[in-house]
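Below are two complexes that have chain A in common, paired first with chain B and then with chain C.
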Partner chain A sequence: MGALSLKDLHIHYDRQPVVQDFSLDIGDGEMVALLGPSGAGKTTILKVVAGLLAPARGEVIIDGQVVNDRPPEKRDAVMVFQKPLLFPFMNVNQNIAFGLKMRGDDAARRSRAVERILALTRLAGLGPRKVHELSGGQQQRVALARALVLEPAILLMDEPLSNLDANLRQEMRELILTVQSELNITTLFVTHDQAEALMMSQRVALLLEGRLRQVGSPRDLFHRPADPEVARFFGGGNFFRGRLHEGHFECDFGRLPVTAADGNGHLRTATIRPEDIQLATAPVDLPDSFAGTVVRTRFEGMATRAWIRCPFGELVVLTAESALAPGQSVRLRLPPDKIRVFSEASSSE
Partner chain B sequence: MSRPKAVLVALTVLAAVGLPFATLVIWSLADRWFFPGLWPQAWGLRAWSYVVTTAGGQVITALWQSVAVAFVTAVVAVLVALPAARALGLYSFRGKDAISVLLTLPIIVPPLSVAMGLHLWFIRLDLAESFIGVVAVHLTFCLPYAVFVLWGVFSNYNPDFESQARSLGASRWRVWLRVMLPMILPGVIVAGLFAFLLSWSQYLSTLIIGGGRLITLPVLLFSLMGSGDRPVAAAVSIVFVLPALVALLFSARHLGGKSLAGVR
Partner chain C sequence: MARPDAGIDARTRRGPGPTHLALMLLPALVVVVMLFGGGLLLGVLQALGHLPGAGLERLSGMHFGRVLTDPDFIQSFGLTLYVAAVSTLLAAGLSVVAALALNRMAARWRLVHFVFQIPLTVPHLVIAVAVIFMLSPAGLLARLAVAAGLIETASEFPLLVNDRWAIGIILTYVWKEIPFITLMLLAVLQNAGGELIDVGRTLKADAWQRFRHITLPTIFPALGAASLIVFAYTFGAFEVPFLLGRTYPMTLPVWAYKHYSDIDLMARPEGIATGIVIAAVVAMAVVTAQALTRRARKRGIVL
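Coming up: the complex of A and B.
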């Protein structure tokens, strides 16, 4: 129903730059997650798209039209806030119909649209309820319904699940995915939860400290992070330095064949995810392996995280082996195809 | 509420409100009541018939004047206080503390001094002895009260509700009317009621600025008291108290802050 394009946005609060150089294109009907830690500027960006905040520079383009000068009520981009913000003096039906009423739809049309969206968001029968008679999850669904009923060109969701408990959150994720694909609404979905971003969206845009660091498919960001900070945000660890030489990464852990592009002879940083390192407790199990000693472990349910001292430094390993004990000797292997060499010589590692 | 508690509350209310009011009623129904007597020596409707017939025209005019002055004062106070209180409650800016001190000044300075201070200027501005002049002098202390009440309301107010409404398609105007106003309505009623009652009970400032031309109920009351006829003064007092009491009862459910819940 609408494409969204953000061009070179700079956003300030009282001259304090909060978001810089932010550009992002979202296709018609696409669901993009805007991911970043708290304070990165996610809400700020949504407010600019919704028209609730003016950027210092840059353009917001909806369906090919620059909408910078349009007030929020004329933007066809509806924002759902982190809190449900249901109007306490209205019941559920009235809350959901609010936007339709502002738009001037007649009563019959309003009630038809409200009924339909109540069913779609599994709120059927709750229409006459007062807002304070709803559970947290129901309130969040009403907030979502209140935006969806307008069938806006762009739907902006600001961490709509962060106030819900884990079970409810999973349920709501499914609901949002279903509804979004059913109505085919172009959606920018903000979250600080990397797992949520990966499972909810077709593409993920990672925002760190007000700057867009990487945009790509969930697999891209997870397996091919652009730089160590992106990797770290997705739970990566194990950064080490080495030199690229004829298709190999020469580092303390050996001469590892990698598929990194050019950059012969240059000093580079590489990483390997903790779950990609192979670990064996018996020496015969692993070819091309090296020895290490377990420093400490932490049981995490499906896996155990182990910090292992090697001759060249410490590595973090996530392993199914749950019987590791500090002081134990193990063998480690770094599968070459799992090693990611960053293209720029990074300053941070 | 448990039964003993309810009884206690009822007794407190009775003692605080009922007793003074009861003496007024007794006085207004006394034909003769001299010192050592615990009750009037003779009962009668002389005071009431005086108030209704002989002074009837005067009382009605005064009642109307009082309502008009208090109502206009309250409406203006709330309308002016709203934007000020909103700014004070929602935003932090330099000089906020100074403003709060300045606002308390008219409240702690007696209205008499304010009225005397303003009298000369009002004469120069042709505001003395006028309706507008009296409203203006009442506003000097009603407005700060209204600002204080609404300031409290706005410090518990979440402006995100307005952003949400804008994003859902409401223009700035409609957001004020359909979102902000319903949310702060209890506070607005309390502020308006305070301003109304404050203005309603003014005597000295009305007398000074009104110059005896604008006779509100308190002014009439004092002149009747000066004549020393206590039963008549009591009857007029009841006429004076009743509208205020009605206003209070009407808005009672908005007092006590209960209905402010859910603003955030």
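Coming up: the complex of A and C.
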């Protein structure tokens, strides 16, 4: 049980501002992903929530109580770090029981709780193992179990899967989702992987260079990015300028009906995701289309990425058409409902 | 600690096989065996009574027996054990405190680290002389105490050198060995300490619990190994007790030296027998230290 509220956090390292104006509310039992590239300040924020670092300004509120003055051991939040950081001089059982022991639970209670969490994290039978006898994935699961067993109000996870290989990572994601919903622990999950953020959480908070850029559902951030930088972080490209006029976006590509109603007469930036552009190799296939020439292509497995020169500039297209060759003529169409017009006139692009 | 290394390890372990390796090491091994083993063998032979120049040619355990049953030897052994154990324990305890304090400071202030290394380079002999200069009844502290009116004459100053409790010897060792143990502990703390402490904090361990359940087990192998090395050194060292000790009882190394250099050649085998007893104790301490280090490495602790 726990709600987490971060109010206007400013965090410095040696007077150097690292995080600024950071506010975020997480509801009881909610799983929020804090997403951002390496160095954005994600770990720093988690440490402030855990109490390992003091903010220069702002408040950390757990269940309605400001906890800024409480040391980590007095906060009802537990952090899982990027590395497992298991205690090498303890076995798996002892590692998991550590927090319970510190809290003063008796041995019988500890072993009951440990057994339950071992089963939940699919570690049953590994209890007596030494830490160095575990695989990387098992170690990270022990680290998770060690945090979960305390049933904290807030669970903080700092890229817990980034050191695992792809298959194991997918398995662990499922595990974390299952466990989180079973125990209903309020969770702030840090990752630099946008796909992971989208699939793991109910809401995503995007952090760029120490500033919160957008909070919303995974669909919101993916399909309705607040600005070109957010769009770019989610793999967007194809930015172009135009003017809003009576429900239409007038640009080089034509007069496109859009839903962005406000800002009539204003210059705006718009974008369309590479996979939303329709491409055809024969002109008859596509109405409302324009011509382009393939500049180069890159095969990416499920799709091919193609850079196409058009009369008004270059567009990047992600298409199932895998037989494209440089120099080839193609037809492109921009479906109006896939065009996203940013609300602020943006200077970039 | 990370397990992924294991795979790499297995693949890169394609170096020379054990026999090949032994062959490559042979020249070095020969030198080591000749120098140390040869010396030891000669020593053992002498201790067993083989000293042709003095007309002693029959081998026997007589000298060992005589040494081991000599009440003076028992006294010396006790004193040596006492000096080595007390200085090691004191140095170890103070080093833990120093290492924890320095670990906080050294992150910000590299100079501390450097200053702490200086005593490592000072020979024991120099410190022993300094201790005499400071602590003897005619020393600096006694005079300062008189000047300050704490005592009336220097003879009232407590006996700290050549004294019954070997205080001067122990002080010398403690002063000299603290930096050694502390720097060993610091290396471990700076490698692994901080992150595990953070983990402990978020897992609700208070300051004492973090020390007891995280810091102490983390530094224990290094502390044990360093302490055993210090113990081995202080057990076998000669110059400090020679300068600062009493004439009776003597520590074993002094006893061994006195016997070996006695004009009575008959005492010589006993000196060497004593030396071999010292060597055995030292060897045991070193082997135990090695075992501790190996165990720590297996758990991924860097020493």
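Quick note on the criterion: the second predicted complex is superposed on the first by the 349 of 349 C-alpha atoms of A that agree within 3 Å, B and C clash if a C-alpha of one lies under 4 Å from a C-alpha of the other, contacts with A are read in each partner's own complex, and residues count from 1 in each chain.
What we mean here is this: contacts are C-beta pairs under 8 Å (C-beta built on N, C-alpha and C of every residue); 3 or more make two chains touch, one makes a residue touch a chain.
Predicted model, so just to flag it, every value in this text is computed and none were measured.
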Inset, instruction - Based on the superposed arrangement around chain A, label chain B with chain C as either clash or fit. - result: clash
Inset, instruction - Could you tell me if A:S23 is touching chain B, chain C, both of them or neither one (first, second, both, neither)? - result: neither
Inset, instruction - With the two complexes superposed on chain A, say which partner A:Q202 touches: chain B (first), chain C (second), both, or neither. - result: neither
Inset, instruction - Look at A:F98 in the shared chain and tell me whether it touches chain B only, chain C only, both, or neither; answer first, second, both or neither. - result: both
Inset, instruction - Could you tell me if A:Q170 is touching chain B, chain C, both of them or neither one (first, second, both, neither)? - result: neither
Inset, instruction - Using the touch definition from the top, say if A:S162 reaches chain B (first), chain C (second), both or neither. - result: neither
Inset, instruction - Please work out whether A:S5 is in contact with chain B alone, chain C alone, both, or neither, and reply first, second, both or neither. - result: neither
Inset, instruction - Examine A:Q139 and indicate which partner it touches, taking first as chain B and second as chain C; both and neither are also allowed. - result: second
Legend entry - Per-residue touch tally on chain A - higher for chain B or for chain C: C
Inset, instruction - Take the contacts of chain A with chain B and those with chain C, and give the residues found in both. - result: 50-52, 71-73, 77-79, 81, 83, 85, 87-89, 98-99, 102-103, 131-132, 146-147, 150
Legend entry - Contact footprint of chain C on chain A as seen in their complex: 50-52, 71-73, 77-79, 81, 83-90, 98-99, 101-103, 130-132, 134-136, 139, 146-147, 150, 156, 163
Legend entry - Of chain B, residues touching chain A in the complex: 158, 160-161, 163-172, 174, 179, 182-183, 262-263
Legend entry - Complex contact set, residues of chain A against chain B: 47, 50-52, 71-73, 75, 77-79, 81, 83, 85, 87-89, 98-99, 102-103, 131-132, 146-147, 150
Legend entry - Touching residues on chain C, where the partner in the complex is chain A: 1-4, 192, 195-196, 198-206, 209, 213-214, 217-218, 220, 298-301
